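Before any comments, here is the structure.
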Amino acid sequence: MNELIEYFTTNKDIVFIVILMVFVGVEVIGNVPAVLHTPLMSGANAIHGVVIIGAILVMLDSEPDNYLALSLGFLAVFLGTLNVVGGFVVTDRMLEMFKKKK
Amino acid sequence: MKLAVLKETDAGETRVAIVPKSISKLKGLGFEVIVQSDAGKNAAFADDEYTKAGASIASSAAEAMSGADLIIKVNPPTKEEVGHLKKGQIWMSQLFHRLNEELLGDLKNAGVSAFSLDAMPRISRAQSMDVLSSQSNLSGYKSVITGADHLGKIFPMLMTAAGTVTPAKVLIFGVGVAGLQAIATAKRLGAIVQATDVRPECKEQTESLGAKFITVEDDGVKTEGGYAKEVTAEYLAKQKEAVNKSLAQADLVITTALVQGAKAPILISKEQIELMKNGSVIIDMAVAKGGNTALSKPDEVVHHNGVKIVGVSNFPAQIPTNSSELLSRNIDTFLGHLISDGKFNWDMEDEITTGTLVVNNQTATA
Amino acid sequence: MNIDLIHIIYLFASVTFILGLKMLSNPKTARKGNLIAALGMTLAIVATIVLKEKEVSPVIYYLIFGAIALGTVVGWLTAKKVQMTKMPELVSLFNGMGGACAALIGLIEFPKVAAHHPEKLGIVLAGMIIGSISFSGSMIAWAKLNGTLRNAIRLPKYNILNTIILIGMVAYAVFIVAAGAYASMHLYLLFTIAIVYGVLFVIPIGGADMPVVISLLNSFTGLAAAFGGFLYDNQVMLTGGILVGSAGTLLTLVMCKAMNRPLFSVIFGAFGETAVASGGGESQGSVREVSASDLAVQMNYSSKVIIVPGYGLAVAQAQHVVKELETLLEERGVEVVYAIHPVAGRMPGHMNVLLAESNVDYDKLKEMEDVNPEFAQTDVVLVIGANDVVNPAAKTDPSSPIFGMPILEVESAKSVVVNKRSMNAGYAGIQNELFFRDKTSMLFGDAKKVLGELVNELKNLD
Amino acid sequence: MKLAVLKETDAGETRVAIVPKSISKLKGLGFEVIVQSDAGKNAAFADDEYTKAGASIASSAAEAMSGADLIIKVNPPTKEEVGHLKKGQIWMSQLFHRLNEELLGDLKNAGVSAFSLDAMPRISRAQSMDVLSSQSNLSGYKSVITGADHLGKIFPMLMTAAGTVTPAKVLIFGVGVAGLQAIATAKRLGAIVQATDVRPECKEQTESLGAKFITVEDDGVKTEGGYAKEVTAEYLAKQKEAVNKSLAQADLVITTALVQGAKAPILISKEQIELMKNGSVIIDMAVAKGGNTALSKPDEVVHHNGVKIVGVSNFPAQIPTNSSELLSRNIDTFLGHLISDGKFNWDMEDEITTGTLVVNNQTATA
Amino acid sequence: MNIDLIHIIYLFASVTFILGLKMLSNPKTARKGNLIAALGMTLAIVATIVLKEKEVSPVIYYLIFGAIALGTVVGWLTAKKVQMTKMPELVSLFNGMGGACAALIGLIEFPKVAAHHPEKLGIVLAGMIIGSISFSGSMIAWAKLNGTLRNAIRLPKYNILNTIILIGMVAYAVFIVAAGAYASMHLYLLFTIAIVYGVLFVIPIGGADMPVVISLLNSFTGLAAAFGGFLYDNQVMLTGGILVGSAGTLLTLVMCKAMNRPLFSVIFGAFGETAVASGGGESQGSVREVSASDLAVQMNYSSKVIIVPGYGLAVAQAQHVVKELETLLEERGVEVVYAIHPVAGRMPGHMNVLLAESNVDYDKLKEMEDVNPEFAQTDVVLVIGANDVVNPAAKTDPSSPIFGMPILEVESAKSVVVNKRSMNAGYAGIQNELFFRDKTSMLFGDAKKVLGELVNELKNLD
Amino acid sequence: MNELIEYFTTNKDIVFIVILMVFVGVEVIGNVPAVLHTPLMSGANAIHGVVIIGAILVMLDSEPDNYLALSLGFLAVFLGTLNVVGGFVVTDRMLEMFKKKK
């Protein structure tokens, strides 16, 4: 228990940021019309592709001769890019229907 | 005080000046009410309804009038009724006094005082006593019903398995009280309605009922105490031009244009009637004042070139129940205004009294 | 300096994510929002590579660039080429990729972290587990949506089984951390369990509920990314992940609500497809439903809408609200007319009486013969409480009691929406194939109520 | 093929079976159209409109009929017209064949085939040929206009300076085609409308027009091909009870109740009429089939105890322009159904042909 | 331990502030939101006192408790006793107290900080300056609202003057920090300048704009509190302050928009009161406006509403939307009737024709004599496009052309709202005193448009 | 410039919190109806009374014989309390109108 509180204190800013982010996440999509559910999901999907940064960091940190780490890292970066690029592009395509309006 | 209600004598008149509902109000003002037998019959008010309400029945006009302080009727008195009048009595009815010089003379000579109900000034506080307004309103409604009855078509658009019935086109001349109610009624029944008037403010009023207004490009005409003035020949020419297209398409035309103290203007010439469609109908509400078309005749249906021109001089008489009710309410409100503490109170400062008291023999008061 | 600048860029990227999501929730700004978030993401990625403090071997750079280039090309092409109808599967696929990425990071980092920062082991494992579940779950969802996996597969007592696996997995992870069991055997076993759990989690759920499941897995991946943020003390991963985690969770709930299915029963109840009460005849397949808010957007972005009123409009006394709908659409530049079938309603001219009452312009009422050719240029036909008058059986089925009656040929329009209260038949007492056609969606409910909602949604669209 | 359109002969009939608008369609079907002079006059279709549309004019019925393959009229043929018929000709009009045994015999003897327009089966695809339906619809509208014309009151509520006019209360018996249109029209004019019918589905239909339905507590009556069957005495008693309160308050009552192939049911007894208000009006649309009230007489206004009972046997004739248009469209659609490739095509499998072909002398085909 | 716990409490308090504000933006939850924020505040205050690490002299505790007790009693009583109409002044007053508190902290801390943490000097000064401006500005706003200061006082070229003072003040503060001019003389001089600036800032602004100004000063105080948070590295002050600062700024903008006055012209334009075009007669004072959204809430919480239709309803053809309003209100349990004046409109029965078209129940139409006694039990009378028929001059002014005409006595209701497009006269061409009465508010705009907005606001209230 | 970036880095969490808080503040009152403008302002007003914590900290930190600081602190605490208590109470009173509903 004490450990938890201590952990909390050392990381209070991070905890705060997490909590605020939760608020923002919830508020920000407050009144989304049903027709945007899928594009919104897809957009959010692209955003969590930010995990690719972790994969990049892994690679940057690897020794050039750690082949296992490098190949797994390569795969991770590739998959992450797929997530990011595919996610944003597919979202954009879904949203094309909203641009037609005169 | 005694008040006599006479039975109407004019041919075709079905109204009665006082309905049973007003009796208690009149008694409250201090009147004893005597009703001539069968006075309300045509308006669906039986004698026993009057007696139930507290009036007594007199078998003849003479009997009712003798001993009465106030005598009430819808229309002006006949020669015979004038004969029964006694000095000091008060007469109240529509008198159309500007057109009835002779009658006024007779009443003066009889030594009576007379109120003309149709001379009510058009001021806000007199609205509840204004018989012209209350009767015009009902007439506006009835003119449309009559038109619908004469027309070989129906008013609304109907899309049916046997084809589409196009909506009737109705054109209304004169957007006064009657014209407005006619617009409203025709709209309700589903017709496409257009209207025109000399007074420019009528545009907004017409549109406030969902109909279209035909504006005649001119300065318009200023009104005087609520009534339109006579217009120039130039205006009439412009009006013709503006309305002819609508006239040629109209199924039903209703004319209501009146000018205070003058003959009704002729708005539709013979040539214009000849522009109109086979089977179309004109209802001329101004026919009693000379008519708004060149061909209309009072209480006759004139057929010209496939067009029926229907002149009705007394629309309110066709809805006698309601028109009598409103008349009676106008009159009892008016009496409420004239009487205080059970006595006539001739306030000669008051516009309403002075405007309607067209024969004043009340030397004692004044 | 570099390391300082990178924080500002990360901060900026986080802000673009927030703004992007916010804009994505409004049809007017959605597209721009997506682009803004993409911009922030690009910046963050570039910054991460470029502003690295320590010297890195060029081989690694090449590898990174190679992976990114490959991913970009493949992702871009796939996304661009896919048919409109296949997009949901693709979203699921991409989501799985993100999950796999997170899982891989966990697998790679575990030994290093175990060696140098054992206090962070829990974080690494959490990210790895969640990423793995998201990965395998998304793959199953993808397979279900593209038809490879047709039916919901349910092991006996699968709910209990799944719960046991879940608990076991968590306990195992705690054990690894607490007991310092850093052997890679443990790591890979845990990884396998997580993958299996992901499969078992999604596989019993019916196809109709897949969008909800994908949204849920989406927020899982967000969480996995956030754990990555914790791990590297990297703010953009943390905030982006949490943002998607919370927004995704809310979105999941909102979607459940829109579908009228509690999340709980999606996951545990799993009674499969939503069923629609069908009456007056055998069901001829399944119908598609549309929500008032979707329809509002669809209409808003149409250029021509035709309204087909029927007896139901009269029963609901919805004439005033239909007029309001017309006015609103016209204000938004949509052309609206009414197609009046000669026998719509229960008396000749029934629709005329109703629509005149609400002052619909006579010129907007079109007769059947005149309007039938117009449907082909129409974006949306909204059928309100009509049934027989749009029943194609009148043309195709000689045994039908209405055979030979001319009908409104709504099917030539781009899309048909039918409002009625149920699948019940109309006057003629026969089922209507139109409702089951591909172009048709149903908007169930009393016409007055539902149109009121539609009008409201339209108003809220500005 | 030659087609003759006859002028109507019945007293008060103003319609015409074919209007100029249909001529081009008929010509397209392969007909040469001959119209008896003045056939459309009363419906506001002049002879020259027919000639303009491509028909020729015949001065008499005999002239028109001679040499015609098909002869069309609204009402059944007179003895004289039957006399002019030649073997092999085809007659088409309303024939009311179940009530007109004798006429059918005459037609059979004349060697002609005859279609009865009023025998159109009530199936979906025949709706566009159903003259009963198209004419009932217009009658429903007109019955309200006629009622409004007879009533001493107006329909809408008006709150005015001269008091409030209460809305008229309208009660409608029979919610078929005519009854529904009557409900709609009375509602439009602002009345408070109630209706009753034996068929339970009429409740929803009545409410779909914003009016109230009076339900008679009973099982209701099943219909047969769209028509109501005769009801039990018990039902009639229950109906009386349910409607009497409304009847006593009603200003206008419109009765439209018919039963296929039987006399119209008596729905309002003399005692019930005596419950009604002084000044109220009954419009009996079923008077041609015996009437829905105990006192109604065809085309007469009966006054009883302050109540006017108006029996109108032929409402469509009062709006001849529209009713002829719809009739004509019904007929040309029907002919379109009967004819293919410029020839009659007697499909004796077809319900519409068999239902309406009441005299078949077409031995050649069949 | 204590110091750790306090952070959790602070976090909790911050969350209550966020939730509280969120709930305050919705009529349904507003009250609870206020309580929640108050709870968080209490906890935070108590925790600050109780969970203090180092030993503190009891005297200081007594002083603190004394100050808090005194403040509580005074604040509570003042807030409870004040009349409803005087609340805005009180808000301004309390805001000023907060500003003063911030200013005092700055004054006290300056010497200490100068001695020990010179890098924080800027923060101290910023808090002090902003607090001071907020304090003096609020006092002026308070004086204006309670009538002590009636008119806007404008020095010649006051805009330029104020800007110069502002720049000078900032420059001076920078100088103090940069040059290390820590003498208290500088401090007090700066303090004085800030106080003067606050006065000069508010004094030229007209009374009608005061609510906007108070809201702005409110966000200033929030900012001052946030600087306090920076100073003490205190999260609850920081977040609470920033929250109020940002929410307050947005609120200020929203209020400006609702009043149709750009913020810029409130501060610099300062053309004083909003003027309303007045026609057909001399102005008889100023009228109060109400917004559709306020009216929606007011009606929603009423138990009886009477609608008085007039000619304007017909001109606007607003009969359908008025019926919609009626339906919505009835659904919410509000009793609605229509008061029909016998000469409303331009023809006898004009209102009947209109309202029948939109199917208003005949029973809901009340005649003048019947309805006049009902007004006293009515919460809101909504006059739509009527004028003469509710003009009290008919009873009171013998020279008026409508003298003697009976009118609808709307004034006996709790509140009267009049919708018309302008201050123009009606048929009789005379000005209407009713519009200037205390109970009356005006809802300007075309009846159809404005009622449409009202209906929308009502729908959004669920 | 460099200093600024450095400052930013050291305080990145705080900066983040401030930015998020601004978002939250703006989002949270998104669609406030005009009738709530005044109560909302008043509620926000009470919340910024949190500045009282600063005043309390000042006092807790003061030497018991620093009379100037103590009296100013006393005044500050008093004024802050006024702000807090008065603010919440007055807001509550304004909001009373919303509770009447059945």
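The chains carry the letters A, B, C, D, E and F, assigned in the order they are written, with residues numbered from 1 in each.
By definition in this document, a contact is a pair of C-beta atoms (placed from the backbone, for glycine too) under 8 Å apart; a residue touches a chain by one contact, two chains touch by 3 or more.
These figures come from a predicted structure and were not determined experimentally.
Undergrad: Hopping along touching chains only, can you work out the least number of steps from subunit D to subunit F?
TA: 2
Undergrad: Spell out the chains that contact subunit A while also contacting subunit F.
TA: Common neighbours, subunit A/subunit F: C, E.
Undergrad: Quick check on subunit C against subunit E: do more than half of the interface residue numbers occur in both copies, making it same, or fewer, making it different?
TA: Mostly the same residues form this interface, as more than half of the numbers used are common to both chains.
Undergrad: Could you say what rotation angle superposes subunit B on its sequence twin subunit D, using C-alpha positions and rounding to the nearest 5°?
TA: Rotation angle between the two copies comes out at 180 degrees.
Undergrad: Out of D-E and E-F, which chain pair has the most contact pairs?
TA: So, comparing the two chain pairs, more contacts are at E-F.
Undergrad: What whole-Å value do you get for the distance between subunit B and subunit E if each is reduced to the mean of its CA atoms?
TA: The answer is 56 Å.
Undergrad: Taking the mean of the C-alpha atoms as each chain's centre, how many Å separate subunit A from subunit E?
TA: A distance of 41 Å separates the two centres.
Undergrad: So the centre of each chain is just the mean of its C-alpha atoms; given that, what is the distance between subunit B and subunit C in Å?
TA: The separation of the two C-alpha centroids amounts to 68 Å.
Undergrad: At which residue positions does subunit A touch at least two other chains?
TA: 14, 16-17, 21, 23-24, 27-28, 30
Undergrad: What are the residues of subunit E that contact at least two other chains?
TA: Within subunit E, residues 18, 22, 235, 239, 317, 342-343, 348-349, 353, 356-357, 359 contact more than one other chain.
Undergrad: Can you list every residue of subunit D that touches 2 or more other chains, as numbers and ranges?
TA: 127-128, 133-134, 137, 156, 158, 160-163, 165, 188, 190, 210
Undergrad: Please list each pair of chains that are touching.
TA: Per the contact definition above, the touching pairs are A-C, A-E, A-F, B-C, B-D, B-E, C-D, C-E, C-F, D-E, E-F.
Undergrad: Residues of subunit D touching subunit E in their complex?
TA: 156-165, 167, 190, 192, 210
Undergrad: Tell me, which parts of subunit B touch subunit D in their complex?
TA: 14, 43-46, 127-128, 130-131, 133-134, 137-138, 141-142, 145-146, 148-149, 151-156, 158, 160-163, 165, 185, 188-190, 277-279, 306, 318-322, 325-327, 329-330, 333
Undergrad: Given the complex with subunit C, which residues does subunit E contribute to the contact?
TA: Per the touch definition, subunit E meets subunit C at residues 317, 320, 323-324, 357-359, 456, 459.
Undergrad: Using the touch definition from the top, list the residues of subunit A that touch subunit C in their complex.
TA: Listed in rising order, the residues of subunit A that touch subunit C are 14, 17-18, 21-26, 28-62, 64, 69-70, 72-102.
Undergrad: Per the contact definition, I'd like the list of subunit C residues that touch subunit F in the complex.
TA: Touch list, subunit C to subunit F: 1, 3-5, 7-8, 11, 14-15, 18, 22, 235, 239.
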